[in-house]
Amino acid sequence: MLKISRKLLISATGRNSPQTQRFVSKVNLQGILPPITTPFNDDESVAYDKLSHNLNIWNSINFRGYVVQGSNGEFPYLTPDERVNVVKHVKKNIPDNKVLVAGSGCESTSATIEMTMKMGDNGADAVLVVTPSFYKNQMNSQALMKHYVKVADASNMPVILYSVPGNTGINIPLEALAELSQHPNIIGTKESGGDVTRIGEIVRLTKQHDFQVIAGSAGFMYAAYVVGAVGGVCAVGNILGKQVVDLHHMIMDGRWDDARELQHRLIAPNSAVTAKYGVPGLKTAMAWYGLYGGSPRYPLQQLTEPQVLDLRKILVDSGFL
Amino acid sequence: MLKISRKLLISATGRNSPQTQRFVSKVNLQGILPPITTPFNDDESVAYDKLSHNLNIWNSINFRGYVVQGSNGEFPYLTPDERVNVVKHVKKNIPDNKVLVAGSGCESTSATIEMTMKMGDNGADAVLVVTPSFYKNQMNSQALMKHYVKVADASNMPVILYSVPGNTGINIPLEALAELSQHPNIIGTKESGGDVTRIGEIVRLTKQHDFQVIAGSAGFMYAAYVVGAVGGVCAVGNILGKQVVDLHHMIMDGRWDDARELQHRLIAPNSAVTAKYGVPGLKTAMAWYGLYGGSPRYPLQQLTEPQVLDLRKILVDSGFL
Amino acid sequence: MLKISRKLLISATGRNSPQTQRFVSKVNLQGILPPITTPFNDDESVAYDKLSHNLNIWNSINFRGYVVQGSNGEFPYLTPDERVNVVKHVKKNIPDNKVLVAGSGCESTSATIEMTMKMGDNGADAVLVVTPSFYKNQMNSQALMKHYVKVADASNMPVILYSVPGNTGINIPLEALAELSQHPNIIGTKESGGDVTRIGEIVRLTKQHDFQVIAGSAGFMYAAYVVGAVGGVCAVGNILGKQVVDLHHMIMDGRWDDARELQHRLIAPNSAVTAKYGVPGLKTAMAWYGLYGGSPRYPLQQLTEPQVLDLRKILVDSGFL
Amino acid sequence: MLKISRKLLISATGRNSPQTQRFVSKVNLQGILPPITTPFNDDESVAYDKLSHNLNIWNSINFRGYVVQGSNGEFPYLTPDERVNVVKHVKKNIPDNKVLVAGSGCESTSATIEMTMKMGDNGADAVLVVTPSFYKNQMNSQALMKHYVKVADASNMPVILYSVPGNTGINIPLEALAELSQHPNIIGTKESGGDVTRIGEIVRLTKQHDFQVIAGSAGFMYAAYVVGAVGGVCAVGNILGKQVVDLHHMIMDGRWDDARELQHRLIAPNSAVTAKYGVPGLKTAMAWYGLYGGSPRYPLQQLTEPQVLDLRKILVDSGFL
């Protein structure tokens, strides 16, 4: 894995941790990292062979790496052991030059720290830490800052923040992001909410701190890039990986007309496998691209037949099937 | 524990489970069951001795029983083992005539079933199953019905549904409730949203099925009772247990003026230890009543000094301190 | 019209108005006041003859009075002249013992004052003033208090506050209500949001000030009464007026079982002609009760045929057709 | 005024209007059109002299034109006569080459049509028609489509759709936009919600129909442009007009780094005079740029002193004061 920078890490908040100094590698997130699905067998066990099959296909695409156990990985439905084992399995099945970002967020700070350490011990290059969200009213700037500082202080790996309000009802407030971006172990944020004004403001507030802002969906990827996002963690990359990588390069290369056209084509398919049909939709579509989708775990439901037809039509109409 | 009825259980949905027939006890929820807090030591470990202390005090109040690991029990912050051990400990510290309802809800159906069975094996009389909520867009009637039917089919104990939209963003839809109320193992629902029109409609839709509707907060308890709720699972009962039990009896006995006045007095304290200051507020207040509150687990934050003063003032102004 | 009390009026806020003293009649709102629809001819003109026809029927019911140009009166679709003329027409067609409450709320304070005065000059006994709502972010306690104080200072009639968050996205904050309840010209509030905890708290906060809290919908009327509401302004009263009046009396007389049963029966019909099908649904149903409904004004759309059938089924299933 | 295209107009929906054919000029919206504030004297009367003063300053900026009575014009607080007179006054005070877009939206379809005609008779080149919003539950695709088709059929001027969910709670659904874009009199939409995925999808769905998508705020202007928006109606243009015009040209000229930097600098000031402090904030800031701001109409409140200081600091920190 490419190490692009090193900086002296000093705990940002003396109160919360021992004053340790260490050198930690920073991970470069510039590029596309699909948040891969977790395949299950019919009995709901993890289908490791199918995961290998999918990775084998994905490895031929010019991805920057993978996000394992983002929202599309059904991480809330995995046991702690399964979370670790899936990461370990992915590590064994991807080349060394691919970044492996592992979701380690849990509701409690202590469980998040424990999961973070395990992810690091099992091959992750960085962790993605979703906001705790059950006690929404209490998850203010102060609580979220303390949570992330504690996790980042404890972590032996770079930490990526993660706001996904569609699932959690929570965005990390801007002032908390500005503060957290100064922590040497916090290297970026994944923004899945699609509010590009917010994304632009995050870039502005954090730009002195070598902080990487990642678009959390392909639907607003081009827009996020022009205001300073550097990478994309896009569900639709599971099925249209090459196209999402192309979009990244078009923008990087300044091919604006191509970028706009491809961005337009990606919006409807992306919405179909996220907001509209979610993980069940994404898994259904995977089969049409030679990948193993399979069923989601309960209580997620497989698509109905009319939903399958609608999803297929959206992909056909966009020229992707 | 009082067994008030027996009925022949037949799986409501043949598709989802083997056609078993069994006799299961129904649990009477008429009365007050405080959703007790989980006490922690300073190192965040569960303070079992403090839990015993609290239960010893609560046992002297005329509660119908206890809810262990409702939202106020910080269940999302407990490990699976801790969840079970806390229930086991409560069982040992309460008299036989108190109902023990244990929260067993998890995000996945399979984890919920596993936790449900463990709760039954460790002393629970019934389980309270909160709606899964991470994949909000997908948690429609169909998904929720299948989830609850699978859990109820598998359970050897009565199941209580649980909608708490303030935490989850989800209410079980009325049509799903009407359907689920017919399942022999599903004996009621805890409604924490405070929409009394909805509560009235649930009572109407389920009244042929011996289905118990429980008010999930003291703020609207009197109102919920007049439209047919039969019990209350009220956070404020941790500190004002006698008063909440009094309110129950005033309503039962038709002492309307007393009920109205007490209901009025309870609203502000109740809001203070729920919506306004949450579990940290409730735990802070517990100390003022001889109970052990202690700190919540991270990322929940202890109240600031001005918040403590405000909370105290609310209790004093209401005449409860 | 019954004058139940008199009190010395002194402007609550010296800053905003000349310090005038005057005696103003207080209006008794204890009972049911249906928020009547405004009938239109096919060319969208106001159908005054049809309004007379409807009033003639409604006058035989034991209503406390009428609300003209509540949300169900399509007031945002009427010109200022039409608003006044409809009130004038209603005044001529109802007996003296019925209270006439006229909606006079506009977005600006000055327009609201002007409309309030006109309503008073044309027969209204009190005005109902909905919260301004276009500039939602700015409609905080301070802005709403100043708005209502200015209107109440200027008014020669009692003023009733009106929160209807389903239409406006706004509830008057509790602290503003507590303050405004002390103004001698502000005699009550209509609460349409259905949050009975809030309603109970309003009653508690205002009970020293002879302040009348009105349930804004039949769906939660019984619940609102037990925590202190004294009357109901219920859309479903347009079609099931006698039943809503019966519910009022059952509660007043302490006939709790009857009240609960009738309340249960009213929820589904009430939801159908409010949240579900709105004014078009209410107008459609009116024809089934010998009243003139007619079409709403554009952009409101008449129900589709399947919607009409569903609405009819709801009324039949509830035993009201 | 520049006429950039002509097309044969045929009513898109035969049902709703006579089948007329007419030639109507299409208005080019490519560029910046600030939604100007309406200045008031201390007695709340319209300050026409101050409006002339402001326009005289604004006319020296390379704006494409003006939006009169967008949300920042306090149109809900103006009487119908004032709305027309303000437009008439603006027309007299701007050069012929500036486009004058007048807000003509009202809650009812008939009032909107009447206001549209008056705007056309008094100098408007196009009308901006905000979604009706009081009966939110009923404002579905069908209702909104019929509303806009009726207005566009009746209008002798181009019509611009307008979604501003922060004020109205409503976005015109995508399928309705796709349909309405085919109406020969509907030339574009102003999108103020900031969801750039939606904006991209609107561009894609309407691009065969010579339909202009306008960014409704400077906060996401650059992002909106790269997915196909062609102009900006930006509140902050009242005070930072030259800068917003510069941003337009930087994007048009492909000066991406400059564009990104300026976009970043504009986000905080833009948020301050829109979401954070609204029209009162914008009017306060105007005085710092030689413009007349004055007080908003009640119930909008002037900023408090701490708010003024905060606003000033935001502008200073951004380098704009």
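Order of writing sets the labels: A, B, C and D. Residues in every chain begin at 1.
Assume a residue touches a chain if its C-beta (ideal position, glycine included) is under 8 Å from a C-beta of that chain, and two chains touch if they have at least 3 such contacts.
For each chain, UniProt lists the protein as follows: A, B, C, D = 4-hydroxy-2-oxoglutarate aldolase, mitochondrial.
Source: prediction; values computed, not measured.
K.L.:
Touching chain C and chain D alike: which chains?
P.N.:
Common neighbours, chain C/chain D: none found.
K.L.:
Same or different, please, for the chain A to chain B contact, judged on whether over half of the interface numbers appear on both copies.
P.N.:
Same, since most residue numbers here occur in both copies.
K.L.:
Per the centroid of Cα atoms for each chain, what is the distance between chain A and chain D, given in Å?
P.N.:
Comparing mean C-alpha positions, chain D is 37 Å from chain A.
K.L.:
Using the average of all C-alpha atoms in each chain as its centre, how far is it in Å between chain B and chain D?
P.N.:
Inter-chain centre distance comes to 50 Å.
K.L.:
Would you please write down the residue numbers of chain D that are in contact with two or more other chains?
P.N.:
There are none in chain D.
K.L.:
Every touching chain pair, please?
P.N.:
The list of touching pairs comes to A-B, A-D, B-C, C-D.
K.L.:
Help me check something: in the complex, which residues belonging to chain D touch chain A?
P.N.:
194-197, 200-201, 203-204, 217, 219-220, 222-224, 226-228, 254, 256, 259-260, 263-265, 267-268, 270-271
K.L.:
Flag every residue of chain A that touches chain B in the complex, lowest number first.
P.N.:
Against chain B, the touching part of chain A is residues 44, 71, 76-77, 79, 107-111, 132, 134-139, 142-144, 146-147, 150, 166-169, 275, 278-280, 297-301.
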